[in-house]
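In what follows, chain A forms one complex with chain B and a second complex with chain C.
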Partner chain A sequence: MSLEKPEADEAVVPADDAEDIAALLGENVIGREEHVNAPGFVVRPDAVQDTLSTLKDEAGYDHLSVVTAQEYENRYESIYHLKKYDDPTQEVSVVVPADKENPVSESGAGVFTTADWHEREAYDLVGIDYEGHPDLKRILLPETWQGHPLSMDYDQDQPQVVSLSEHANPLQDDYKDAESDTMFVNIGPHHPATHGVLHLKTTLDGEQVADVESDIGYLHRSEEQMAQNGTYRYQIMPYPDRWDYISAGLLNEYAYARAAEDLADIDVPEYAQVIRTMGAEMCRIAAHMLALATFALDVNGDFTATFMYAINDREQVQNLLEDLTGQRMMFNYFRLGGVVWDLPEPREEFFSKTRDFLDQLPESVEEYHDLLTSNEIFQMRTVDTGILPPEVAKDYGATGPVARGSGVDYDLRRDDPYGYYDELDWDVVTEDGCDNYARLLVRMREVEESAKIIEQCIDLLEDWPDEERTIQANVPRTLRPDDDTEIYRAVEAAKGELGIYMRADGTDKPARFKIRSPCFSNLQTLPEMAQGEYIPDMIAALGSLDIVLGEVDR
Partner chain B sequence: MSSDQPFITDDSAVLTETRDARMGAERGDRFNSRLREAFGSSPFILTKFDKFMNWCRGSSMFMLQFGIACCSIEMMHTYAVKHDLDRFGSGVPRASPRQADVMIVPGTIVSKFAPRMKRVYDQMPEPKFVVGMGSCTISGGPFQEGYNVVKGAEEVIPVDIHVPGCPPRPEALVYGVAKLQERIANGEASPVTVKPYELEQFSDLERDELVDHLTDEIDEDDLVMRYNFADSP
Partner chain C sequence: MSLAPAQLFPEFVANALGLPGIAGEIVGALIAAFLVGNVMLTFTGVAGPWAKRKITAAFTDRIAVNRIGPFGLLIIPAAAVQLLAKELIIPEGADRPSYDLAPIVLPASALLGFAVIPMGNLGPINVQLADPEVGFALVFAFASIASISLVMAGYASNNKYSLLGGLRAVAQNLAYEIPLIVTAMSVVVFAGTLQTSGIVAAQQEALVTLGGITIPSWYAFVNPFAFLLFLTANMAEIGRNPFDIPEAPTEIVAGYQTEYSSAYFVLFYLGEFLHIFLGGAILTMAFLGGASGPGPESIGFVWFVVKIWAFFLFTQWCRAAMPRFRIDQLIEVGWKGMLVLSFANLVLTAVLVGVTV
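Up next is the complex of A and B:
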């Protein structure tokens, strides 16, 4: 493996101070804003690339989390939320206003490759035109869609026509290159190996992948609109469960709870934080078990033993979660300021059930290692296939097990602590194989770390004095955060950095609700991993990315 | 046979003897089931062919293996250990629609996916059945007000059984499939439903402002689906 690690040139100038950054950006800055999470710099729409590359190269902001686009009464606006992979608490927002009549703004895709998809989404849903973008077209909605649904004058009742052009003839002239003899193959959108409704437009040269383009949006169910229509206090919380629906509900709820609590300045009682942390880690185990199960399916074949074993383990976690929350999958358990109810009675029974599960977990992890990772055939399929070098992973904004499998030591639970994580003893797992095998190993080892966290939470909860079991802070029934406060907050979900941007407008509903989905960014790396590889390796690479389309498309 | 008389009586002893004589004594008694007793020495039953075919159909169903959204996770749990849908003779997921006769629609259908789902449904051989899983396939569920969401699977394809829930528990899906099997065995067809959204050739669409606007983008013989969201429930 050729893995030179260019880690020398990071954070050349430790520009922590907003004034330093302002000085660095010079006359590109035309105004200043204050977001709850970070200072915001308003820059000219034609100086985006310059600003981003200055921040990236000279101030070390090497992680473009997300691009948020929104429409105001008098302007359009794109916000580039930047962070550092080394220290995600150092954040900066680059705010780019665009003209109301003719919203054009320079593309940042030349600096951060991940901006490619994020800007396409902004164009698709809000309607900002990014100048210099490599291929600005719709990404989530069908290409024949009329209007931009999150813009102000969109009429939801207008008729739409959607074409079915994807049943293309593989040998059609457009797809066939006479010299290299390539062939076009559609994979999906209902193919079992695509983990949901993903469509891969693949060009093959023999058995090798010459080009692959992901076509997403087959599960774009207007999650952002749904959240913008709901009230902060109760109506939004059920939706996060359905973003990453692999039983990772509590992790997603954590993202919303954290962002909204910081926005409205709500403190969460410690007892509730321990319960949240415990529940979230149970969800992580369930999610990683399914990742393992489906990866085994993709690589080993149809409904094999590993799949059944992993589902069996998931069932046990789901039973625990059901005891805790009353639901198998869509928990709706968090409330702003705490959780909805205390641990189930009798508490001892819940604790002993959880301990039983944790006790048998090392054994079953061992079993997976016997079945999968030490299996020679499996290793041939996964070791050194789907290579994702760390600098490429960073460029695409990859996070979670995908980044950690490439040796990028980035975990928001440790780097930007929330909940009870910083009080507990656990480790961030990284592997530097950069291949499909490393990504699987990260997940399997993370399951063990999660078990450690749960065990410590259980110990804490068992000894928690009766009278101090406050499960919810006192939160007003209707929340109205101050007008024009903006926040971007992220948590470490099962797939990576799940962030939420919210802008309050003084009412009880957010004016803009933007979801930063880890899978959306992770999926972008697929062509990097697949090009030049054999087609089965591409399927393995896709499986090791562990995407969930509900979160990619939102 | 009068109704108060049990179907199996001691009178069948003579038939049993005949049967035993045919099978040979060394076979033991493992063939002496109640069903055998009922049939007597004759290995034949008399029934209508249609009825027999329906019974066969209901007892061996091939599911189309495809997942859409959250419900597909519960669907996987239904297929896998603990719930094991295969116990009911309907747990063989087929990856190709050409080999499947039941389609479980597990999730929200959005504008981009509906034409593909219609296509997949059309590719399944007759007779075919559909189980709608979850609230989204009934009405759009929690996403009903979304700008991109089709308000239920019945807008696109006919549905035999609706399983409500968000998502339904695996037990609920098993119950829904069992109900479907019961219906099939009884020879009941799917209800005729109104399907407002059909795949058509672009040139067959009624000309209006929108269609005129799209003439440059879409080929005349491309298949399209037209959504009239204003008429949706």
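Up next is the complex of A and C:
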């Protein structure tokens, strides 16, 4: 078991496929590239829709993970990373070059709705103009921003004037004419239910939501650019902790570790894999506990006991994580090729503490079922509200508990195995309800599955022979992956598929570092769930999406 | 009615001061009302910054205020100073007279309600301010003024969340006031009087004696169904969980009180807590035998206080445990469930009383 296995698979399977796909795409293809994770097809900028719909309908690539945009010396480029929901190891990159002077490229939003936001981000940060896009405007930066920060000619010192008068009047849409009887409400940026700084431009018809548009970017911290200025070996690893900062840090670190290790061809010792897997699942429990807690807050109202109970359980996990990593939230525990240090001494104490936690967990989960899921009012509120049909979920690139709550059986831990997951005995949880209730149930059941994984890891670690406890592979002090190698790799983070695209340019820093945030794609589904529902249902739907704005905005 | 003592609290004060006639009535009434009002305000003062926190903390495995004073009790003056010292922000475009009146109307309506509540004896004093023949109807009339205050606040604030909160408050009060009063009528059918002291007096006889323990004929025991209905409608009337949707902090920020700060905010909270205690007082009077309890009659007031605080505890318990309804579900429960049940209860009671009497 190592990271090599899935890669080896891909090297065989898509190679066969690649010729078929090339034949399928015909003359749209103007060139070929080889990414570490997938074959790349360079297509004409005016044939994007055609290419994507052919791949989606005829080759079964129904999951657009992310759109990466970047600028080269001589061209702009958008990469559509496609996968299959049924088998995410089958990947294809659609590479779309655009003219340096006049970067125009056809929009893929007509084929995959999720491309809407991803292309807006690409336009916002890199500056590619997507023709035929339904509403191409900035998404992370203010509308008055000058220039595109990730483009080459961007002037960092240019003063940015974002005056109130130049900015759109937030109440401009607040009109009432003879036909419409609607009311425009700004929910957020500061609102008790937005779980961070999120602005929902909501149009209400009475108490029902006629339309909702998410305005994000309030927490944008240029995480991608910061990573591009850090060295692979040490300087990037602390950042992932800060994306999904709801103590899901190790899951995020896993994403970077996996991508960078595959890029630089690093092997991870098995012992470290087990520790990583255990730590990551602890983080998942912590993150799901918080999701449960805040969902209770949204539906029950503040001062609900469930919130504090779940926070209390999360506290236990955090104590374990603190013992393991020395930190409670910003762990910085993974290193390329392993982890930074071994389990805390005395090991027996750590094991028994972890076992104590696992022993009392079923009781806690039972209590949440008593308090929440079996409560009749709670069921009235959550069953059949915030409906997200599976086809819509796929169309929006939803992943994680959101997709699994809609019956989409997609979990990278099983489907694209990494770490030690495929050596362990656990199940992927899905629910067919497609509603707020199903998403909550998925999280609660996943907590139990995570506990199973941790328990098996503990058993393994306990019996691991002393002399074989290698926590880190021998990795050079400075990593310089080969020039022009590109990789997109994802892991199953707390909220879904957290992927990282990196392009190496022969230096010790990535030339492009793109984060595929699951929350970003999941949040995009909100209007689908909320339209026509009551405000409380929209709030519940938002809560059940379990977004972290740090990860949405990066 | 045998238990209703002749001398009400204002008369007692007048006699104690030796003031006869009209002057005595006025001075006595003012002093008595001042004392009763202050006792109730003190309760809310204790409940808001301290008891509520302590109770919620107990439900949620925390400690809550414990740094200032014994058991953190000095948080009460600290919170009072802090709240009053805050800036009073009045939003642009607020509808001034009603914006300012709303926070006064809310506590005032609740305080008025206490005028006719029989609170039992405290030593030689019978703590009841007035005992008109229609006292039971009057207390509901006073209590329902509260919804006017909420609408005023919601409308005058010039804020959409406030407006939604105000609208929700109207819809909710309409839907639950009718079952509340219809259920209360069943109590009137039992007692045969609208006079509050009479209703309490009618609950004093023994219902049954089981193994030496006498169960009094409190209407909660005589007609538990009516009691549950009344309790539920009462929770909606005072806007507590699971019916706290006029505020619904996670949905519409704080509803009608979103734009209120400083002293106005305090007044709103005083009003809300007074209404909880008034709701408890009505429940106590109508279903829990008023101020009766073990021990001599002269400590009746203590039992009254215990009962209304028990009701307060109950509201906080619901708050910690219960999810919130959605507005349409709430209205549905009100009109389709509570209303029908309350009329059924009324008919049932009338038949029972008609057969037995």
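Keep in mind that, in the parts below, the second predicted complex is superposed on the first by the 523 of 554 C-alpha atoms of A that agree within 3 Å, B and C clash if a C-alpha of one lies under 4 Å from a C-alpha of the other, contacts with A are read in each partner's own complex, and residues count from 1 in each chain.
We adopt the following convention: a residue touches a chain if its C-beta (ideal position, glycine included) is under 8 Å from a C-beta of that chain, and two chains touch if they have at least 3 such contacts.
It should be emphasised that the depicted structure is a prediction, and the values quoted were computed from it without experimental measurement.
J.: Which holds for A:I535: it touches chain B only (first), chain C only (second), both, or neither?
T.: A:I535: touches chain C, not chain B.
J.: Which chain, chain B or chain C, is in touch with more residues of chain A?
T.: Comparing chain B with chain C, the partner touching more chain A residues is B.
J.: According to the stated criteria, A:Q156 is in contact with first (chain B), second (chain C), both, or neither; which is it?
T.: first
J.: Examine A:M330 and indicate which partner it touches, taking first as chain B and second as chain C; both and neither are also allowed.
T.: Touch partner of A:M330: chain B, not chain C.
J.: Is A:F307 touching anything from chain B or chain C once the two structures are fitted on A? First, second, both or neither.
T.: A:F307 contacts both chain B and chain C.
J.: Going by the contact rule set out at the top, does A:V299 touch chain B (first), chain C (second), both, or neither?
T.: second
J.: Check the residue A:S544 against both partner chains and state whether it touches chain B (first), chain C (second), both, or neither.
T.: A:S544: touches no partner chain.
J.: Taking the superposition as given, does A:S214 touch the first partner, chain B, the second, chain C, both, or neither?
T.: In the superposition, A:S214 contacts neither chain B nor chain C.
J.: For A:T354, is the partner it touches chain B (first), chain C (second), both, or none of the two (neither)?
T.: Neither: A:T354 stays clear of chain B and chain C.
J.: For A:Q225, decide between first (touching chain B), second (touching chain C), both and neither.
T.: A:Q225 sits against chain B, while chain C stays out of touch.
J.: Could you give the residue numbers on chain A that contact chain B in one complex and chain C in the other?
T.: 191-192, 303, 307-308, 312
J.: Please give the residue numbers of chain A that touch chain B in the complex, ascending.
T.: Chain A residues touching chain B: 141-146, 149, 154, 156-167, 189-192, 195-197, 217-223, 225-226, 229, 238-239, 242, 245-247, 290, 303, 307-308, 311-312, 314-315, 328-330, 549-550.
J.: Name, in rising order, each residue of chain C that touches chain A in their complex.
T.: So the residues of chain C touching chain A come out as 56, 59-62, 160-161, 164, 168, 241-242, 244-245, 248-253, 319-329.
J.: If you look only at chain A, which of its residues touch chain C in the complex?
T.: My answer: residues 183, 185, 191-193, 207, 297-305, 307-309, 312, 371-372, 375, 377-378, 380-381, 534-537, 539.
J.: Quick check on the complex: what are the chain B residues that touch chain A?
T.: Those in contact with chain A are residues 65-70, 72-74, 76-77, 79-82, 93, 95, 107-108, 110-117, 119-120, 142-143, 145-149, 166-167, 169, 199, 202, 205, 210-211, 213-214, 217-219, 222-230.
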